[in-house]
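First chain A sits with chain B, and in the next complex the same chain sits with chain C.
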Partner chain A sequence: MHDPQWIIPGIVAPFLFTLVMLMIQQDSDGPLVLRAILGGGVLGMWGNTIFKSSESIMYDRRNGTLEPIMAALAGLNDVIIGRSLWNALVGMLNGLLVLVVAESMFDANVRIADPPLFLVCLLLTLLSLAAVGMLFSALFVYTRRGHMLSSMLEYPIYVLSGALVPVMLLPEAARYASFLLAPSWGVDAMNMAADVTYTHSITGGVFINLAMLAILAVSYYFIATALLIKIERDIRRDGTAVRF
Partner chain B sequence: MEEKVIVVEDLRREFVLSKDGKRKTALDGISFDVNRGEIFGILGHNNAGKTTLIKILTTLLLPTSGKAEVLGLDVYPRKNEKPIRRRINVVMGGERGLYYRLTARQNMKFFADLYGIPKKTQHELIEDLLELVKLTPAADQRVENFSRGMKQRLHIAKALVNDPEILFLDEPTIGMDPEITRDVIALVRKLAVDGTTILLTTHHMREAEALCDRVAIMASGKIVAMGTLSELKEMAADASIVRITTVMDPYAVTLLMEDMEGISSVKTELVSGRYVTSVGVEDGRAMFDRLNTMFDGFDIRGIEYDDPTLEDAYLHILGGEGDSY
Partner chain C sequence: MKRFRLRFVSRDTFARNVRASFSLSVRNTFETTPKWMWIAHILLTSFFSMLMFALIASYVGNPEVTVPYVVIGNAVQTVSFTTLRSIAEIPNREKHTGTLPPLMAAPSNLFEVFFGMALFNIFAGLVSATAGLMYAVLVFGVDFSAANVPLLALIIVMTSMSMTGLGMTIGGVGLHLRTATILSNITSYVGIVLCGVNFPVSYLPQWAQALSATHPLTYAVAATRGAVGGMSLAELWVPVSIMAFLGLFFLLFSMLFFKYFEEKSKKQGTLELF
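Presenting the complex of A and B:
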């Protein structure tokens, strides 16, 4: 929260996205409105995760706290796991804010077909975003240009996750990249849980989606951990923790 | 037999400075050891390699070659990082390394979490440590409003959250005013009395003189001298200064002295209407009477011999190598 710029990717951009989509959907009802709100919510969660993941590491570099963290017992890996989870959780609040604004200002009347299942999908999507955040945090430790990287990653990942349009409507080449993203399976599952008329599902089964999400998120966790171990070793070898 | 908690043998560390492979040797084959409960000082001017040494011993940097053991564990293997970190802590000099938008207490809680201090004991521990460094009144102020001395004391407090067996202090009083420096010195001394082994780097001679049991003097990545304070001063015994204050200008005799055996320098200054001649001699005690006789005709008003200080020893040992201290 030390840099107020997080408000732009975390709240302003998702809110504007939802606003524009709701204005396009004049009737303020039905599955398209649900997609608009879901899209805005996911954008809020993802924007917050990626921006804060980079900002916190860049802050540690600038502020000289990266080295004390690395010297501490817990080490960088544990700190990044904690931060990624927290960033994704705060991102969910951004998503809920979008929902509240849409409901109160536009009388959007969002109906969710299976609320408990939707909540499970939402929480797992959140965890998958945290795993993606952790993976990218490892890269942010490596680079001194985290801001540039986070800006570059924000919208491509958002589009590939299927939050803007369903994954199956993306060009075929982009679809393969989407399949490698854990949140894509989560967003698709959320759509299925919320809307029984949703016809663009990747698998047609919520639980298959959630299984894919879990496999990918756990893979991200292990990749990020291995990457962080290597990066920490490189930093110890090269002495680059204090450079910024 | 005393337990050695730090053992360093032929330790080298090189840095690659540029992509064309240009390298800099920060540590050039140093060896020393530190006993449990000792305050061991590393003295040296800027770029002597002090901070590099501390970073290697605290598992922040890998050595290029040689041996570095902390509490019996080699610092090189990754598997030893956590066992070492659990039992040591480090204070890096300077103002960075704290979360400025957090309060002192919040910073302490964050670092206590990083050391796995249980929540139920954190509160009391943090209160005690803030009290120890006299920061209790400022505990809930943001660190961004702290003076340099307050930040440094907070650094020390956060380095004590895991009750370390060895505390590494990298220039702990850099940029501090004399009063705060005195407080920090008293605090470090108290920690040592309580059983903490301290490895301290500094380029403040008084700090080292006030604290250290043994001192190693570093220059250009090498240890050029090591010993107790008295042993180091002994090395500078041949660099003593005898000061003779006279009413008359002793120019004639100082000309004769320039070529005398056992005299390394002669300098005369006019101070408050008196001539003060400082004579660098190899053995001050032996030369004292002889100089007294030589200056007898110039109306001597005072003659004094200074025992060499650590600063004299440092300058003598380093010769022209020290660019600043």
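Presenting the complex of A and C:
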């Protein structure tokens, strides 16, 4: 939270995308409004994950705080898990803020069809975002251009997440890329839980989606852990903790 | 009280300082970023921003906001992202890397230095808009058969230049702020709502329409849509000349801003505050 720039991908951009969709829609009722408002919330969560992950270790390298972290008793992996969970949680708060502002501005009267199931989907999506954050953090260590990469990934991720436009309505190639992202399954499940008239679901069953989300998120976790162990070993061997 | 005044230099000195900053800026850009990544960033960002709003337009299905409408708007909007944001970031970057005080101690004034650095971003804006229009034709199937191509090229160059003026103004304010990033991002993101990029300006409330009239992008988008539709310069002179005027106005305004905030930052010792 030290750097106020997080409000752009976390709040400003998602809110404005929601606003664009609502303005094009020119109606403050119906399933598209629900999708726009929920989608804005999800984009807020995503934006925070990408932005914060890109700078997670890079920031430490630049400021020389990676060495004390490496000297601490906790492993690098544990530090990154904690940060990723926190980033995802802040992302959820961003999402809620976008949702509340959009709802109150447009008086959209959003109703969730199955609130308990929606909450479960939301929490699991949040955990999957934390796993994505871990993976991105690990991958971005290998480059000193994390900011540029995160900026390059911003729009593709927004499209592939299915937050505003359902995954099944994306072009075919994009759809397959989207299937590899755990949160896309979560967003689809959230849409099913929120709106009984939702007809663009990937699988047609919330629990199948959640199972896919779990498989992918756990895979991300193991890949990220393996990468972080390798990074920690390489840094200790080569003495490159502050090289970026 | 000391009078605030602008220091004017000879044309030769100005040109030399701007040229030197421009060369350094190009070299610095490609020292820290590989050329392929710089190009990939522009091409990917342009494409996916256009795709996202095209998908939204197609999904919502408002007959007034068609896919070609949104695609052309966003092709122009990419100039704003590439030019405005990058230029506004220049003083910010110098501040964060600790090179702002030496620049201020140099004989050339800050406006010349940053204007020289900004010129490269005009080129980046042109690359971005050209890519956007190519995507419009090749990927999104927008009909350019009637397009007035020379006028379109002129409008794109002018859009990039007018965004430079706005970017320099924000950059000037950024000298005094902890970071100009938020201001530059908000200005460019707000463009997608305010400037007729994704839906007609008439959809906005009156106060927002008034705000929209002060943004060069509004006129750039309107003029581009006209040129794609085959209109001539005689028919589009109003949006084109307002855009040029606003670009020039912001550029001149940024000179004052740079001078004012340069002195204020020196006085208050906030040069390296971030």
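Everything below uses one rule, namely that the second predicted complex is superposed on the first by the 244 of 244 C-alpha atoms of A that agree within 3 Å, B and C clash if a C-alpha of one lies under 4 Å from a C-alpha of the other, contacts with A are read in each partner's own complex, and residues count from 1 in each chain.
Quick note on the criterion: a residue touches a chain if its C-beta (ideal position, glycine included) is under 8 Å from a C-beta of that chain, and two chains touch if they have at least 3 such contacts.
Only a predicted model underlies this, so the values are computations on that prediction, with no experimental measurement involved.
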item: Three-chain arrangement built on chain A, chain B and chain C clash or fit; value: fit
item: Inter-centroid angle chain B-chain A-chain C after superposition on A [Cα, multiple of 10°]; value: 90
item: Partner chain(s) touched by A:63 [first = chain B, second = chain C, both, neither]; value: first
item: Partner chain(s) touched by A:100 [first = chain B, second = chain C, both, neither]; value: neither
item: Touched partner set for A:71, first chain B, second chain C, both or neither; value: first
item: Which of chain B and chain C A:236 touches, first, second, both or neither; value: first
item: Broader residue contact with chain A after superposition on the shared chain, chain B or chain C; value: C
item: Touching partner for A:226 - first (chain B), second (chain C), both, neither; value: neither
item: Touched partner set for A:79, first chain B, second chain C, both or neither; value: first
item: Nearest Cα pair across chain B and chain C, whole Å; value: 11
item: Complex interface listing, chain A residues touching chain C; value: 3-5, 7-8, 12-13, 16-17, 19-21, 23-26, 32, 145, 148, 151-152, 154-156, 158-159, 164-166, 169-170, 174
item: Complex contact set, residues of chain A against chain B; value: 2, 63-65, 67-75, 78-79, 229, 233, 236-239, 241
item: Chain C residues touching chain A - in the complex, by the definition given at the top; value: 32-33, 37, 40-41, 44-45, 48-49, 51-53, 55-60, 62, 65, 178-179, 181-182, 185-186, 189-190, 192-193, 198-199, 203-204
item: Of chain B, residues touching chain A in the complex; value: 15-16, 52, 55, 58-62, 78, 81-82, 85-86, 89-90, 92, 94, 96-101, 111, 113-116, 158, 162
